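Dropping the structures in below, format is structure tokens.
First chain A sits with chain B, and in the next complex the same chain sits with chain C.
Coming up: the complex of A and B.
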């Protein structure tokens, strides 16, 4: 029998640890540090103290992007979780048709974000897009709706595409959780004469509590740092109407070459996402404690 | 067990050693955005092959990256002191920021002493020259913005090619009355809307309006800027642009699609869009004709003035490059007769002397003619301005075409950003 030496353990952890440190942990304090400088990425860094932060708090575009992020969090939670749960309940039982449906419903999750963005861009096209064509032909509206170009609609149109992509992920999560609920509970309920709604609200939903909480945290953090579909679909436009913190950070750092300011946006994003998830987890935990779980 | 690990480690070291000795021959790294879809792709490949055949022991490593990611990639490399030997830019303010940081090789002596400077049309060299020193050569194509239109549609609705802004508005009204969109425009990309703005500013106030504001002798709130904004918004209000113009993307062909399907009649387009039309829809490209941006009555700008670029893509040598002579020689391979011919064949108009003799396409000949007759060529604002201001300018184009900002707000936003950028407050 081999005895594992501590050195071996360290060596095996080292590659993953290095990458984690370099790309995850170290950049966090580093971006806080960079946010104190004026820096275009090429020439020397100039220390300007908290000027970037003062500017950030008065930057109406940034504040609006924070608001957009919260809108996205809210929209994602109220669409993604219930729809995913509903789908899961319909198709969690193993049968041939359910297996087929599971595969079909899971497809959006398999496409890359850019492919999904291009797909939705064509769906939304005011002149040739499927959505407008159907709405106009059926007489629901008489003029095509400008989904992506309107400052009012752009964010909502984008959030629909995002939800479409992520619902399947949570659906699979819920299917697994539902299948993990012991069958005895349902049998007992049947013996007691509970109907389907009662079984759902009194057994399935309470048993899914921890999964739902986890899913909400995932949606919360995911929506706060969301980037790709928004960037490809609208680039945060028109005129910053669908700007998110992450797209704004990218633009500031790499299009306008204000690395210091971009770092300030990045660190603010980190602070917001981190404190919100902590808050939410603590709230649900203290709630569980009160109930004595 | 231990021995075999040691052995593997030795083999690993040896491989590294061996690979570095093979690389001891000279390698020049070339970065640009000439991916397969771009007109210069074949030409660059061919030039590299010819160069390597003539210079044994020298290799060129070509790394093409798609347009938008290219800008970021180059910027990051410059910041990390990891720039390639030869790289491509769009000239103007973008290149200047690298020149100011001491990253770009001043090739004035090489160009002048060898006389190779005469290979290029003067306007092309102009874009990469700062304070009389030259930092690159124009390579791919002369490009300007012109109104493309479908003569068959003009005939059908009985309108003539307009020569003044008033006539253009009248023509637009005829199309609107007939349910046709006058101008195909996809403004999610922002620079497309900026073309109208730049042209109107030029036609109203002449080239010096922008030059003065840019040199900070004037202001971006000067009257021609405001007037241009008002004229665009008048067009928007009368319905001259497609609905949802701020959501359509030029790079996904959403403007050209309107022209192909006869839903729109005119299209303020670049030379590169014409190359694309030829492959996307040869029938429409065959019919297409172009006219200059019309003059504005009482305006100071000469109607031959162009918004465009006399090279589109400019190649420079970095200061870090160890073999500048070789790099300069390579630049001659991508601008020689063979390269010129290949570029013309793929639909471009290289900014080298003698290109006009190779053109056989009516629209291209006309574009070249407009270009050579131009009294002044204004490089696109977003390439003249430093990147930070360029982005502000482009963002305001959404506000302008979406009617969510007044022309004054559009002008003030850019002026404020410029004041801040140049520390004038």
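Coming up: the complex of A and C.
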């Protein structure tokens, strides 16, 4: 075995590590530090101790945004995972029509969240939107609904747009997993006379268990720090009805220029998202370790 | 007989549901494409109708607002950042996976933890840092955060791949008198090409579509990337829906073309990011 001088090793790691420390790790303690100041980003910073944090814990808009984040986690899991799984089961077999469907299904995953939001804003338009047009023409509703302008519906409406974008991603994940299930299992089931539903519930679903759990963790982690589509579609409105931690942090810091307070929101978001990610990743890891894979 | 009947109806149900999802995905995109060719009058008349004639006025108007600039800006910043990610990422991965040293596990875990850091915790510090470096409202100011945020996933993929390269290859090169740097550039890097093309595609798509950093670090129109350009375009021309649809179509066109040629690679590249989180 050949030897490398320590200096060489350092030189190989240094470029990546420097950029990573500068732009990702150091900002974390720095944000905690900034959260102790009153600061508009332009004039001098004024030290105010824990005042921002006390305010934050009594800020009903922030607390509501945390709740909205958890609602988004829940909505995303119950829409994205089942629909993605269903689509994967429909088209996992290789055939010309299935390949075509897969190609088209995957398209939303390709576009920027800004493009998706702009598209969905017009799909939801109360006057010229496709969704209202379809719902009114089919008689499901009498009058067009302003989905994004409604305090009751805005969060659900944005979560649908998010699902539209991410379902293809999980679908592909499930297709790969289904195709990885050994064929012998299905042959054995056929020999034993199992019907399609039995095969699905007794073979496919149990074999997909760890993939499904992984997908749920990914949705959870992603939804806790979600920003783009909600910001472009509703800016967290109307009246904070679809406000998330991330949209609130952005608006506080960069629109209202309360950067000290914004740092406190950012750090709270970090604590919640990072610790829950760590917790769930460890849970799934110990789960798969127990299973031995 | 009964069995065949239930089988056929089962297949029909599956087909109908699959077709409904096809419509849910494809019709909005088709609507966008068709509407871009309509005049405002035609659109207000009926949102379902086809344009009376193929008028490209909307598309011309979109370009007149400077859309081509956004393409170039996005292309420049994405390509540069991807190149840096590939070079810095593969060097670090080489050291972590092949040149075993006492801290290699710790460094690797540090990068892995980076995959769980939410972008918003970095916004204010990066905004401030970029300003003090004089890179605010400068396209190159995006490169640092772009590289940093995509290094963890890339290093994860690259180290996984490099671990499986047989050690004999390196030793043979070492016997021939190659130094560590030469072993990296002539043996390891070429052998890692499949993984490198995967992370290149994945990172390019992520950065081409990036929005948040562009939102806080760019202010003047000449520096906007494509997502900023589109977002502001919508703000400015919000009521002219056919015009917006033309801009929207133009914004997704490059990736659509890329997808036609590189479909399998793109799907594979996007899924490689699935380990994220």
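We take it that the second predicted complex is superposed on the first by the 268 of 293 C-alpha atoms of A that agree within 3 Å, B and C clash if a C-alpha of one lies under 4 Å from a C-alpha of the other, contacts with A are read in each partner's own complex, and residues count from 1 in each chain.
One rule holds for everything that comes next: a residue touches a chain if its C-beta (ideal position, glycine included) is under 8 Å from a C-beta of that chain, and two chains touch if they have at least 3 such contacts.
Only a predicted model underlies this, so the values are computations on that prediction, with no experimental measurement involved.
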item: Simultaneous placement of chain C and chain B on chain A, clash or fit; value: clash
item: Which of chain B and chain C A:206 touches, first, second, both or neither; value: neither
item: First (chain B), second (chain C), both or neither touched by A:182; value: neither
item: Chain B versus chain C as contact partner of A:128, first or second or both or neither; value: both
item: Partner chain(s) touched by A:16 [first = chain B, second = chain C, both, neither]; value: second
item: Partner chain(s) touched by A:28 [first = chain B, second = chain C, both, neither]; value: second
item: Partner chain in contact with A:263 - chain B first, chain C second, else both or neither; value: second
item: Partner chain in contact with A:146 - chain B first, chain C second, else both or neither; value: first
item: Chain B versus chain C as contact partner of A:82, first or second or both or neither; value: neither
item: Per-residue touch tally on chain A - higher for chain B or for chain C; value: C
item: Chain C region in steric overlap with chain B, selected from 1-9, 235-243 or 253-261; value: 235-243
item: Contacts on chain A seen with chain B and repeated with chain C across the two complexes; value: 41, 118, 121, 125, 128, 254, 259
item: In the complex, chain B residues that touch chain A; value: 71-72, 75-76, 78-79, 97-98, 100-101, 103, 187-188, 190, 242-249, 252, 254, 257-258, 261, 263, 387-388, 391-392, 395-396, 398-399, 402, 404-405
item: Residues on chain A engaged by chain B in the complex (per definition of touch); value: 40-43, 118, 121, 124-128, 143-144, 146-151, 154, 234-235, 237-240, 251, 254-259
item: Complex contacts: residues of chain A adjacent to chain C; value: 1-2, 4-6, 8-9, 12-13, 15-17, 19-20, 22-28, 30-31, 34, 41, 83, 86-87, 90-91, 101, 103-115, 118-119, 121-123, 125, 128, 130, 133, 164, 168-169, 172-173, 176, 196, 217-218, 221-222, 224-225, 227-228, 232, 245-246, 249-250, 253-254, 259, 262-263, 266-267, 269-270, 273-274, 277-278, 281
item: Touch list for chain C against partner chain A, complex; value: 10, 14, 17-18, 21-22, 24-29, 31-32, 43-44, 47-48, 84, 87-89, 91-92, 94-96, 99, 101, 107, 110-111, 114, 116-129, 144-145, 147-149, 151-152, 155, 167, 170-171, 174, 180-181, 184, 205, 208-212, 215-216, 226-227, 230-231, 234, 241, 244-245, 248, 251-252, 255-256, 259, 263, 266-267, 270-271, 274, 276-277
